[in-house]
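Two complexes come next, and they have one chain in common, chain A, joined by chain B in the first and chain C in the second.
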Partner chain A sequence: MLVNFDSVGLVTVLLFAAALFSVGLYGAMTRKAAVSVLMSLEIMLFAISINIVALAQFIPGAQMYGWHFSLFLMVIGAAEIAIGLSLVVAIYRRIKTSDVEKLQVLKDHE
Partner chain B sequence: MLSMIAFVVLALTVLVAAIKCVSSRNVIHGTYWLLLCAVGTAGMTWFLGAEYLAITQLLIYAGAVGILTMFTVMVTHRSHNTASREVKLSWSVLLLALGFFGLVAYGVILTPQLAHFTTVAEPIPFAEFGLALFDVNGQAFAFEVAALVLLVALIAAVWWTKDNDDDKDQEGDHAG
Partner chain C sequence: MEITATYATISAVPQLDLWWVLLAPLFPLLGFLALALLPRRLRNDLRFVPVVGVAASLAIAVAAAITIWPGGPINESFYALSWSLGTVGSLPLMLSFSVDSLAVIMLIMVSLVGLCVQVYSLKYMKDDERIGWFFCIKSLFLAAMLAFVLSGGLLLQFAFWEVMGLCSWVLIGFWYKNKAPRKASQKAFLFTRAGDVGFFVALSAVFVAAQSFEFDQIFATAPTWSPFLLGVVAFGLVWAAIGKSAQFPLSVWLPDAMAGPTPGSALIHAATMVVAGVFMLVRMLPVIELSPAAMSTILAVGIITALYGALLACFQKDLKKVLAFSTISQLGFLFAAIGVGSAFVAVFHLTTHAFFKALLFLAAGIIIHVTGTQNMRKMGGLLKRMPVTFAVFTIGAFALAGVIPLAGFFSKDEIFKAMLYFGQDTGQYAAFIGVALVGVMTAFYVIKSWLSIFFGKPAADIDKVHEGSALELAPVIALAIPATLLGFAVIPLGGFLDYPSHWPPLYMVALSTVIMLTGALLGFVAYVLSKRNAPSNRFRFVIAAAEQRFYLDAFYTYGVVKPYFWLSKALWQFDERVIDGVVDAVAWIYQKASQSLDWLDNRIIDGVVNGAAWTYVLLTRLTRVFDVRIIDGIVNGIGHLSISLGGRLRTIQSGEVQWYQRLVVGAVIVVLGIFTILYAVSTLGGA
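For the complex of A and B:
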């Protein structure tokens, strides 16, 4: 039996992380507010983080590398959200909206 | 059995918070749900035996990123009308997300080797982890590069959000 109900195995955690990533994917593709899109990307990052930690903890010998990789992922995530949110503020200052469907400056424009 | 119950409670908390975050009409409410999702993710990391990473996650995601997101929502959504908007269920994207989950789940379940990994390793002592992080033969170079990336990102963020003259020219109101 792949999913053991007595103890949590790697398969269970990977399935949970895939479900969380799918929720983030749905949000990133449907939301209109730029901040909400960024929040959905954060949810996808959470899923990846859980995935890496699970692989590091369950696979023998991978722990140290997994922890380091997870730490660097957090750094990249923090940099991504800082850049993203500053872009949202800059765009809002310029065109007074943060609706991603209204960002059509490059479309039919000189 | 007890660990399975703890895992299910944590997993449900994170998943419900994530679903509420992507489906809430009000962006501010979405931010609160994201905070719960971040705390749940940190809890899940703790549950998996990586206490140090859990605390770091709590500080970075639930603390710094949460506050930053809330400030951005406050700056960019002035009235309640713009902060709250209708959310329609998009069946095609839902199908895509479910398809993605199905594909990954299919791959995970069809790999029998993964089922052998059922025991979590003991957490690394903090001193050992820190020494490896700053060791020249270990991860010191990657650590410095990560620090540089973060510094460049923060400088770029400050530069983009500062009140520069180009924006004022475009708006047509010269401050002087």
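For the complex of A and C:
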């Protein structure tokens, strides 16, 4: 069953996706907790997914490829978050915090 | 987006152009939007803005009532505004608002209670550093509740229902720095969410059955639905209402919700949001009525909840907890009234209850503020210290107990009458006996609490206690007016909802007064006994069971939460033992293989490598002289350059991932900016 939101318009959807992406980007850059950063990454990923679906819907001749691709993105997102979470757990075991601001081992200590 | 005002083709009521009624939810929403984005200091200073917003809503609601006078039947809309959101398959997805007599009654009730609570909070929450946010959230809640009662379809109703749930979560956990409010807010959110699953299932079934979420179409097609779909819809909605209106067995969240600020409890967890479930059932009664099983369930749930809440209220020492359990019990009454099909009785008691329970909560807030405790055993003798609070609290308490001629008497009488008629029709008097028992218990706990707060020996630090301020007392007194007089409006109110209501017959007056007096007398005796003797040990196990709230909370802890943890732990152990075991085994095999290769490496490969190395060393010594003189000079020059350059560049090497991320984003923005400028220049140049 296809949901037809033609009356909304492509630009509105793209603006919405851009707003969502910005929210995710802001979160990824500013949140302290590693899990929140991961969630922000997912928000960005799904903003992209919305873009793909919207373009597939509105651009004539695009057919269903965008839709398939968005499903594919979901699987990738799940895999990515699994890796991310396991990294968080590994980091937590090592330095007893998941605060990304505390992760400064790459810094040149002198 | 196409917006159309549609008029029902066949309708018993006149069609009016009431578009302005839809502004009622808009004003509190504007109040929320205006404040939400401001910085905290400014927001705190502008806290009167939402108060003005809800005052405007009240004015609109009253104007609407005057315009549609003399009212009409429930669900017959005077005005509807609908628009299409798009299509689902080939079906239009419609959303709509509609104005009927029931919605107008609710508008007045919600905005009046909301206005009183907002004014009260101006003083009550004055010292809180986040008072602006408190007003903001309550304003959003009021907008959602007003829009909820105006919704013309289940889907829109569900949306506002969820917004209210969100506001409730924020307000319970308002003092989120303490553990108890935090846990209580999570509990309330999860329990109401458990109920919302029912709403969601019912929504799906409604769309399958009626092919629309609009009430008109639902009611028109409901008689032709298959029994299965009808059952799913009816029971889904009943389950949702059980969650929202804190009925048994999902009632456990409401007492804990008292951890929030008292004005929030008064507005959301006593007067308005918790009756949303009941309101939704009244709206959908034409559908639910078609399923006798659902109706019996509502009746049974209502009676059980009323008994459960009233019984527990008798054992509470905490003033707010008494009011919370009393709310659960009174909501049970509303369910029972719906269960016997009396929509008007439910709406009538819902309205009177909203006024006197909000009054009780606000008066209790004043008492809690001046005495600094919620424990009624530490109060006492407040009568002389705060006579005005005493007077209004007495009105609220007596209305709750059902003392003639206060509002609660008339509405409770209607419920007794409905149960008695139900008994006469079906020969089953269990429901009537149940509500009569609840009536006795209600009078019992009300009188006992009332006596122990205001009479008897004063508490030790009574000198500090003084009357509440005028700004706090004014809204409470305003609520006392409907709590006193609304009962006399039973006939006009019935007429407004097109229901043939009558004055209570004399034998009902006598019966309910006897019920009330029995409870009051028992309450007086219990109060006197508790003052004279130490509490008896004989009923220790009953008190212990009541303190555990009859183990309903324990059931959820041990029946749901703990098993979940056990399952998680078992899975963790599986991971630890089995999966890790396999990994360790692979590592062990790998280690053994490496050791044997190591032996090979030492004996044979190393010999070859050493020989080659000796040769190489000899050659190297020859080239060293050239290297030190010339090559090193160049290399050192480059090295010094790199060190001085690196010393500057490494300040950006902070080691923080997010710092790098900001650099990358900044770089992307710069590059995009350059491209945009180039593109603009080339376009303009081309033109």
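Miscellaneous remarks
Keep in mind that, in the parts below, the second predicted complex is superposed on the first by the 101 of 110 C-alpha atoms of A that agree within 3 Å, B and C clash if a C-alpha of one lies under 4 Å from a C-alpha of the other, contacts with A are read in each partner's own complex, and residues count from 1 in each chain.
Keep this in mind: a contact is a pair of C-beta atoms (placed from the backbone, for glycine too) under 8 Å apart; a residue touches a chain by one contact, two chains touch by 3 or more.
Given the structure is predicted, the values throughout are model-derived calculations rather than measurements.
In the superposition on chain A, A:30 contacts both chain B and chain C. In the overlay built on the shared chain, the residue A:15 is in contact with chain B alone; chain C does not reach it.
Of the two partner chains placed around the shared chain by superposition, chain B is the only one that A:72 touches, whereas chain C remains out of contact.
In the superposed model, A:82 makes contact with chain B only, not with chain C.
Using the contact criterion defined above for the overlaid structures, shared-chain residue A:101 touches chain C, although it does not reach chain B.
Once chain A of one complex is fitted onto chain A of the other, the partner contacts of A:58 are limited to chain B, with no touch recorded for chain C.
When chain B and chain C are set side by side, the one touching more residues of chain A is B. In the superposition on the C-alpha atoms of chain A, the part of chain A touched by chain B in one complex and by chain C in the other spans residues 2, 4-8, 25, 29-30. Residues of chain B that touch chain A in their complex: 1, 3-4, 7, 11, 14-15, 18-19, 21-23, 27, 30-31, 34, 37-38, 41, 44-45, 48-50, 52-53, 56-57, 60-61, 64-65, 68-69, 72-73, 75-77, 82, 85, 87-88, 90, 93-94, 96-98, 100-101, 104-105, 108-109, 112, 114-115, 117-121, 124, 129, 132-133, 139, 142, 146-147, 149-150, 152-154, 156-158, 160-161, 163, 167, 170. Contact residues of chain A toward chain B in the complex are 2, 4-16, 18-27, 29-36, 38-40, 42-43, 46, 49-50, 53-54, 56-60, 63-64, 67-68, 70-72, 74-83, 85-90, 92-94, 97-98.
If you check the complex, the residues on chain C that touch chain A are 1-2, 84, 86-89, 650, 653-658, 661-662, 665. Residues 1-8, 25, 28-30, 37, 100-101, 103-108 of chain A are the ones that touch chain C when the two sit in their complex.
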